[in-house]
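Paired with chain B in one complex and with chain C in the other, chain A is shared by the two complexes that follow.
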Partner chain A sequence: MSDAALSVLTNIGMISFVGLSAWVLLTVGCVSFGQQAFFGLGAYTAGIATVVWQLPLALALPLGAAIGAGAAAVLGLATLRLHGLYFSIATFAFAELCRIGIELFRYRTTRDGQPVGPDGVEGFGDIRAVFEAGLQPVDQLMLVWFLLTAAVAVLIGLERTRHGIRARMVGEDSVAAALHGVDVARVKLAAAALAGALAGLGGGLYAHLTTYIEPRLFDAMLGVHALAYGLIGGLGTAIGPVLGAVLDIGLLESTRIFVGTRMIVFGGLVAVLIILRPRGILDEALVRRSACLFRRHADARPRHG
Partner chain B sequence: MLTLDRVTVEFGGLRALDALDLSIGPGEIVGLIGPNGSGKTTVLNAIGGITPLAAGSIRWHGNRIDGLPPHRVARLGIARSLQHPRPYLRMTVAENLRAAWSGGDGDWRAPVEQALELVELTARRDVPASDLTLADRRRLNLGQAIVRPPALLLLDEPAGGLDAGEDEAVAALLARRVLPGRASLLIDHDTDMLACLCSRFVALDAGQRIAEGTPAEVLSDPGVRRALFGA
Partner chain C sequence: MSLLVDFVQTTLDGSMAGSAYALLALGFTLMFGVMRRLNLSFGAALMLGAYVAAWLHLNAGLGALPVAILTVAVATLAGVYIERLCFAPLRGRDAVASLVSSFAVWMQLEELATLMLPRHTNAFPGLMDGDPLLIGPFQLRPDQLAMLAIAVALMAVVWLGLRRTRAGLALRVLADQPGAAIAVGIDIRTTALLTFAVASALGGLAAFLILAGDRQVTPMFGMWATMKGLIAMMLGGLGSLPGAVAGGLLLGVIEAHAQLRLGPQARDLIAYGLLFVCLVWRPGGLFGQTLVDTEATARARL
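Entry: the complex of A and B
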């Protein structure tokens, strides 16, 4: 595989985490335009952890996820009682607040005679832990997709548990869910924290694999794309937002077919899908039908006995 | 078992319930009747924790439950069906029942099977709820209310909006399989159907109790006749 292809696939994997993050909130019926904030917080936290505090990457990535989860939970406490559009606006405002906050944030120290650390609008470079550890592009790809696959597997596993069912109930009809004994506020808060952790983990990976981050990267466009990945790929399964990212980054951004027209095609794709498949390509009905087919196939197999 | 003591609910300046007293004993099936806007649904909303009280109290086995959020009331075993059935449309019939059960602990399969059978939806178990007719949605709504056997069942127009044959089928289902032995509070505009199902009627008008007694007594009360039928 060429280095360019490796880098595209790695990028898809990293950005998928923000898509997954927005998707988790979509499943409980909350439209967030602000998941890029937790991606950014995770990126800066993990970057500071390895560069300034000299912590190992294996500690820095969970730390980024934890800060993402914590910030999302705090924001959730303040905003999850807001309905519909008001919640969306609040998340967007928070994300912009975070981005501007990071622009003002300076935390410099000296390593090997060089100043390092976040430097406001100048960004935060030399996040080299991955490269100093000698991870090759193929290893980086494996790391990202291993963590992404694990995250998707956990989410698919959760679907079948009581927690997953409660989340779906809240996402479909929070009034009915409350009448059926579900603590709607708690379900939404747990989803917000989980979404924050996913975005934070993705951010930590992003900081280390690109070695340079700046506040501008975590602007509203990232949030809008993250949201769109779930809506394109499908809301019926956690694979949906990954598929959305593959289509957008893999097909539109990275091939030369749509140079200069990427955003037009992307916008058109979203518009067409909202009309044809309002719940995305892998929607609940398709997921149910495939699960049914799979079961039938498994039942039809001869059994030893 | 359930006791409402001088329950008052206000919406802005409007007094929807005015010092209402009401009690339901074990196994008792009570019908709540009254003209539109008399406060019938508000009674269920007050019990279910959806509408806050301006005054008065609601007790369940002696403990106050007014002020509890809806999910806490539901977990006490007080099940509520809505006037307009709203199943989880993207789930199948069986998934809807499992969802309604999911507040509880233990294995869900047996209760879901029982509920499917009870409301006669076993054959449609894998149909998405969005494909159900209104009559089947009403059945599913009932199934969701009883999948975890409730200690008290609150039913808001269980046969509302159905045509003549369908509402009889739902009434028969209620009479034979859902209500017997289960404390219930029912609302319906069809007072004849309610009279067959209930042992006691409470009549409301403008948020106040105007009559209480056996269905025959209440329906022959001149004040009730005036409020309900204008004669």
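Entry: the complex of A and C
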């Protein structure tokens, strides 16, 4: 595989984490425009952990995820009682606050005679832990996609548990769910924390595989793309947002056909798709139908035998 | 004494900028009132209008008046396009569908504009030149005074239009009682389209006034206009017309003071912080609390 293809695939994997993060909140009926904040917080935390504190990568990535989850839980506590549009705008305001906060954030130390660490708007470079460990592009790709597959598998597994069913109930109709004894606030808070952790983990990977991050990367456009990935790919399964990212980054950004007009095509695609398939390509109905196909073969014998 | 003069001068400057915010918020509120939906690509529509006008200003040497007309016309067309693509087909669906869809169109319009004029700053014709007027110890820029006057006049026109015309009546019925509007035979499709056209024309004029004051237009304008209008509207209270005006003025004054004392980054930080605190603490803003309370009561009863 060529280097360009490798880097596109790695990029899709990393950005899929933000998409997955927005998707988790979408399944409980919350539309967040602010998941890029946790991606950014995770990226900066993990970067500071390896560069400034000299921690190993295996510790830095979970730390980024933990900070993402913590920040998301705090935001969740403040905003989850807000409804619909109010919640969306509050998350957006929070993300912009985070971005400007990172612009003002300086935390410099000296390592090997060189000043390193976050430097406000100048960004945060030389996050080299992955390269010092000698990971080749193929290894990086494997790392990203291994973690992404694990995350998607966990989310699909969750759907079959009590917690997953509660989350779907809240997403479908929070009043009806409350009437069935579901603690709506707790479900939403748990979803927010999980979403924050996913974004934080993705951010940590992003910081280390690109070695340079700056506040501008975590602006509203990233958040909206993340949200759109779930809505294009489908809300029925956690594979949805990954499919959305593949379509956008893989088809539009990487092929040469749409140079300069990517946003026009992508924007139109999203607008038309929302009219035609309100819950994305892989929506709940399609997922249920395909699940039935498999189950019919598996269940047929015991039931009739 | 000079401290007081400084304070009043900053407040005056702030309320001039705030009158532009108020116009943007007014456009937002009109659309929200009728549709109960947020049109995030509002700023991008205004930006496209300004870019088309700036392109012709650059290539055909258009003056201030044709540029103003063109900005308003293209912004209105873009507003109609947005309504047809993002709002009309999604009527009766979840509010977020339109929200995301309008954000997608934002990207379209913005890219279209930057394809036309790829440079970061583009010249925009000014409204008028002239030395600042001196009134006592205070300085007032004539173009900003003109902006304030036009903004006040426009608000009066909108107010009268809503109260005195048939279309305004239809719009108010649709905003207050959508069910009743259908029952008495109000054409929802036309009224919604008209609302978007009027709101976008209003925004287009606001955009022209703001950009004529700056003498330039940058690709950041779409985002900027959406954000300022949104914050002003939320501060004033979602769905309230007097709230939109008050919120705009308040935002302008607060920003002017923050910028003077703490610098531009702190100004943005304070603007977003204000929005966040307002949403969490008092989602109804200055004038919209009854609407929020009604909805909350309705949910509690369910």
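Here, the second predicted complex is superposed on the first by the 296 of 305 C-alpha atoms of A that agree within 3 Å, B and C clash if a C-alpha of one lies under 4 Å from a C-alpha of the other, contacts with A are read in each partner's own complex, and residues count from 1 in each chain.
In this text, a contact is a pair of C-beta atoms (placed from the backbone, for glycine too) under 8 Å apart; a residue touches a chain by one contact, two chains touch by 3 or more.
None of the values given here were measured: they were computed from a predicted structure.
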{"item": "First (chain B), second (chain C), both or neither touched by A:288", "value": "first"}
{"item": "Which superposed partner A:181 touches (first chain B, second chain C, both, neither)", "value": "first"}
{"item": "Touching partner for A:162 - first (chain B), second (chain C), both, neither", "value": "first"}
{"item": "Contact breadth on chain A, by residue count: chain C or chain B", "value": "C"}
{"item": "Partner chain in contact with A:274 - chain B first, chain C second, else both or neither", "value": "second"}
{"item": "First, second, both or neither for A:90, with chain B first and chain C second", "value": "second"}
{"item": "Chain B versus chain C as contact partner of A:173, first or second or both or neither", "value": "first"}
{"item": "Overlapping contact positions on chain A, where the chain C interface meets the chain B interface", "value": "175"}
{"item": "Residues of chain A touching chain B in the complex", "value": "162, 165-166, 168-169, 172-173, 175-184, 279, 284-285, 288, 292"}
{"item": "Chain B - residues contacting chain A, complex", "value": "48, 69-71, 74-75, 79-80, 82, 86-92, 95, 98-100, 102-104, 126, 128, 144"}
{"item": "Parts of chain A lying in touch with chain C, wherever the complex brings them together", "value": "31, 78-79, 82-86, 88-90, 93-94, 96-97, 100-101, 103-104, 175, 220-221, 224, 227-228, 231, 260-264, 266-271, 274-275, 278"}
{"item": "Residues of chain C defined as touching chain A within the complex", "value": "38, 85-86, 89-90, 93-97, 99-101, 103-108, 110-112, 115, 223, 230, 234, 238, 265, 268-269, 272-273, 275-276, 279-280, 283, 295, 299, 302"}
